[in-house]
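Here it is, the structure in full.
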Amino acid sequence: MPDFFPTHCELTLGEIATLTQAEPRPGVPLERRIIDIAPLDVARGSDIAFLDNAKYLDALARTHAGACLLTPRFAAMAPAGLPVLVTAEPYRAFIAVARALFPSSLRPSSLFRTTGRATGAQVHPSARIEAGVTIDPLAVIGPGAEIGGGTLIAAGAVLGPNVAIGRDCAIGAGVTVQHSLIGDRVIIHPGARIGQDGFGFLPSPQGHQKIPQHRRVIIQDDVEIGANTTIDRGSTRDTVIGEGTKIDNLVQIAHNVSIGRHCLIAGQTGISGSAQVGDFVMMGGQVGLADHVTIGSGAMLGAQSGVMSEVPARERYIGSPAEPVRDFMKGVATLRRLARGQKKADPNGDTQ
Amino acid sequence: MPDFFPTHCELTLGEIATLTQAEPRPGVPLERRIIDIAPLDVARGSDIAFLDNAKYLDALARTHAGACLLTPRFAAMAPAGLPVLVTAEPYRAFIAVARALFPSSLRPSSLFRTTGRATGAQVHPSARIEAGVTIDPLAVIGPGAEIGGGTLIAAGAVLGPNVAIGRDCAIGAGVTVQHSLIGDRVIIHPGARIGQDGFGFLPSPQGHQKIPQHRRVIIQDDVEIGANTTIDRGSTRDTVIGEGTKIDNLVQIAHNVSIGRHCLIAGQTGISGSAQVGDFVMMGGQVGLADHVTIGSGAMLGAQSGVMSEVPARERYIGSPAEPVRDFMKGVATLRRLARGQKKADPNGDTQ
Amino acid sequence: MPDFFPTHCELTLGEIATLTQAEPRPGVPLERRIIDIAPLDVARGSDIAFLDNAKYLDALARTHAGACLLTPRFAAMAPAGLPVLVTAEPYRAFIAVARALFPSSLRPSSLFRTTGRATGAQVHPSARIEAGVTIDPLAVIGPGAEIGGGTLIAAGAVLGPNVAIGRDCAIGAGVTVQHSLIGDRVIIHPGARIGQDGFGFLPSPQGHQKIPQHRRVIIQDDVEIGANTTIDRGSTRDTVIGEGTKIDNLVQIAHNVSIGRHCLIAGQTGISGSAQVGDFVMMGGQVGLADHVTIGSGAMLGAQSGVMSEVPARERYIGSPAEPVRDFMKGVATLRRLARGQKKADPNGDTQ
């Protein structure tokens, strides 16, 4: 098996106990070395696993893991020979271990193991590149572009004129960035398209007139943007992605949209022009927002929701058109009951 | 702030009155210079704004805009000190000003400010390139390809063998075009994929046999295609996009599809194989069309519609399965009423 | 018209009869040459057509096709002058002819008609490239990558460190592959993104912590992947695409997903993290699967389905939330009947 993360680390169970503040059950071999995380069913002796759901108790009984992170309740059910670390939050501890074992997985690296500026990258002489920037082969960096130290520009990425990228960013292979200002520690995965024209036309029977899209995209610090996602620049306002917001693959964010801080937006969601999204909003996959809608902070939108009007802060909505989750569930249940009972209630009904 | 459109123009209010045929209210300083458009709430003294919706009257009262385009009715409500230009269509006038101020925003420019053919572009010796074509670094132009004068091929774009591109087009960064004929003044945004194989297989228990996809994509004049949109070439008929049609980001157009003239197709819509779409059809975001369906000219399909059969000309459909908007609204209202009334109507119901 | 498939073949009607085991009607000119397939309505004298649906009998009466493949029933209705080949499966025979006429359409070719390794490709010295590999201009092949004989790496494709690609594959223009092992005869269309980080974060009020995504993508033999589709690598398990599975454009496949053999997945479908899909599953366009759901082998999911829990083997589901097709149809019919009858049943209703 190719070693895609060759520089990963090892931790002893003692070090893991310290890192996660988990309590080792008596007899745990604190010097045992752990080199990977794994689910209970496939874990080997050098892996650590976790359990926080009774559904997987069978797997706990049969696991070959080198150790397991468990809540106190499940610790009591673990096989005698299994080294157990007890913690109130096993999943959080499990992820802390993974982050310590694979630090190089937390930010994409050069796909060419480039150091410095690769042969064959096209960097305009007027671009300003800080020390410590990595530029892969066949990247294109336009006039007046600025790139902060520690940032990676991967193979085939294209930065247009005057684009500014902060420090310690990773701009993935084949990404396009234009008309944009990007903060620090931003990760953009391959094929994302940032800053092209929004979709704005004045319809008319003689054909549709293009509306100027002359504003920018602003991406704040610690944002992550998925593969092949598209974010259009603004026409009347800048398109803004707030600090710490994470966006999945194939998401469409239209012109003039403002997204707050620390949102989580799952794959294939589409956010129409001038929508306003608050902080800590969560959206499932394939959600659609109509233009100009407002989503209050802390709201949660279920997968495939179609949001046509305001969603208040901290509410949970789902459905198309979207409504509060409890109303949606009641509607689904009502329709199913009526459909089941239909023959009795309406013997002359015309349904198939 | 980086100046992404450095060559933009200025207009005096007098010039704007002439351009838009708006009537200056008495006392308007006709020599005042306007350099940008802006919404009422953020406009500054060098910006022009507009209002055509009573919802924003508060912003009108407080605006710092250098001038405002208003209908006669709203003009009467404007603050005394605000320079007002009166017109029946304020938004249309506002866009006309924007187009005059930012002419360079109406078609994408080189991301490298290239003139002519950049170093590092790979142009096959048998390609025929007219005078006045701009080719960015790391573009790839295949054997026998033809490109008309005034066209831009942006960084990293790839044109396959014998592809023909008309005049004054902009082919964005990282775009792929193969097996296609493209008209004049076509704009294709970054990452769009034009002319690859359609998704055609003959299913069988031994595995699915690939169906040849040996026809073309034809894109007529004045079409615009969004970032990361995909248009597959035909198998039994060419895939055709009619003159003046505008397509947003992340749209999927399958093989053998025919789309008429001057359609507007919003983001993440998917059009299945052999569908036939008339002229001036409008589709909201995330619409899906089943294969072989027909959409009549002038029809409008609401966001997230799932169209499983014919939609007549000029009808408005929505829902999944799609139905006339009035029926959909009635269905939503009926279900909500039944769900609300459910306890009273059915005390023994089994819903949660 | 540019000849996008210049090397295609010709077949006589006699050869077609042999190839398809169809029975020529008496008087068929067995020496007639056929050079293309076409639908009945546009077919010319050098084209072969087919009919297996009474809906197109009018076109049969008027066709100018050089020959037509028909079932025995329709053969009796064909015009006297039309050369008819009779077969129980006209469409299957029609595709067999197309495959024989256009063998070069069955796998993508170089967009630069490259032989061997093009100038301007960047191949890391530690990459291992078998004989007979074609590498287009501006492809980037990272350290330790392995590529099997007969494989095409198209222009601008990027392969990361240690990626392994089998034999006779076609990796399209602008594709990115990292952290992945790919089998033989795999076709990946332009702009697909394989092996980037999955979307995994530990939410917290202080911001969301990135979860390591340190596993791989495994793509088995004979898989086909559409343009701009994204497949993320695993975090706790490898993401696996089973042998012979065909995936359309703009599909999202999340981390840890396992997809079985010979599935067909239509455009813009999204499969959330850790979902398990059996063999021979068919999904329409824009389907969404929630995370961790299981889809049994042979199941069919209708377009725009939203699957929130298990779908048993061989069942047909549709709707959002998805349910068996018969229940969905009953629900649609019930709601439409209630909405139509609403005035009579509830004269005091509050609907619009």
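For clarity, chains are labelled A, B and C in written order, and residue numbers in each chain start from 1.
Methods note: a residue touches a chain if its C-beta (ideal position, glycine included) is under 8 Å from a C-beta of that chain, and two chains touch if they have at least 3 such contacts.
Just so it is clear, the model here is predicted, and its values are computed rather than measured.
J.: What is the Cα-based rotation angle between copies chain B and chain C, on a 0 to 180° scale and rounded to a multiple of 5?
T.: Superposing chain B on chain C takes a rotation of 120 degrees, nearest 5.
J.: When chain A touches chain C, do the two copies use mostly the same residue numbers, with over half shared, or different ones?
T.: different
J.: Distance from the CA centroid of chain A to that of chain C, rounded to the nearest Å?
T.: Chain centres of chain A and chain C, defined by C-alpha means, are spaced 27 Å apart.
J.: Can you list the chain C residues in contact with two or more other chains?
T.: As it turns out, chain C has residues touching two or more other chains at 120, 138, 156, 174, 191, 228, 250, 268, 286, 304, 320, 335, 338.
J.: Would you tell me which residues of chain C are touching chain B in their complex?
T.: 2-5, 8, 37-39, 42, 91-92, 95, 98-99, 101-102, 105-106, 108, 111-113, 118-120, 136-138, 154-156, 172-174, 187, 189-191, 222, 224, 226-228, 244, 246, 248-250, 262, 264, 266-268, 280, 282, 285-286, 303-304, 320, 332, 335-336, 338-340, 342, 346, 349-352
J.: Hey, which residues of chain B end up touching chain C in the complex?
T.: Against chain C, chain B makes touches at 120, 122, 124, 138, 140, 142-144, 156, 158-164, 174, 176, 178-179, 181, 191, 193, 196-197, 199, 201-203, 205, 207-214, 216, 228, 230, 232, 235-237, 250, 252, 254, 268, 270, 272, 286, 288, 290, 304, 306, 308, 320-321, 323, 327, 329-331, 333-335, 337-338.
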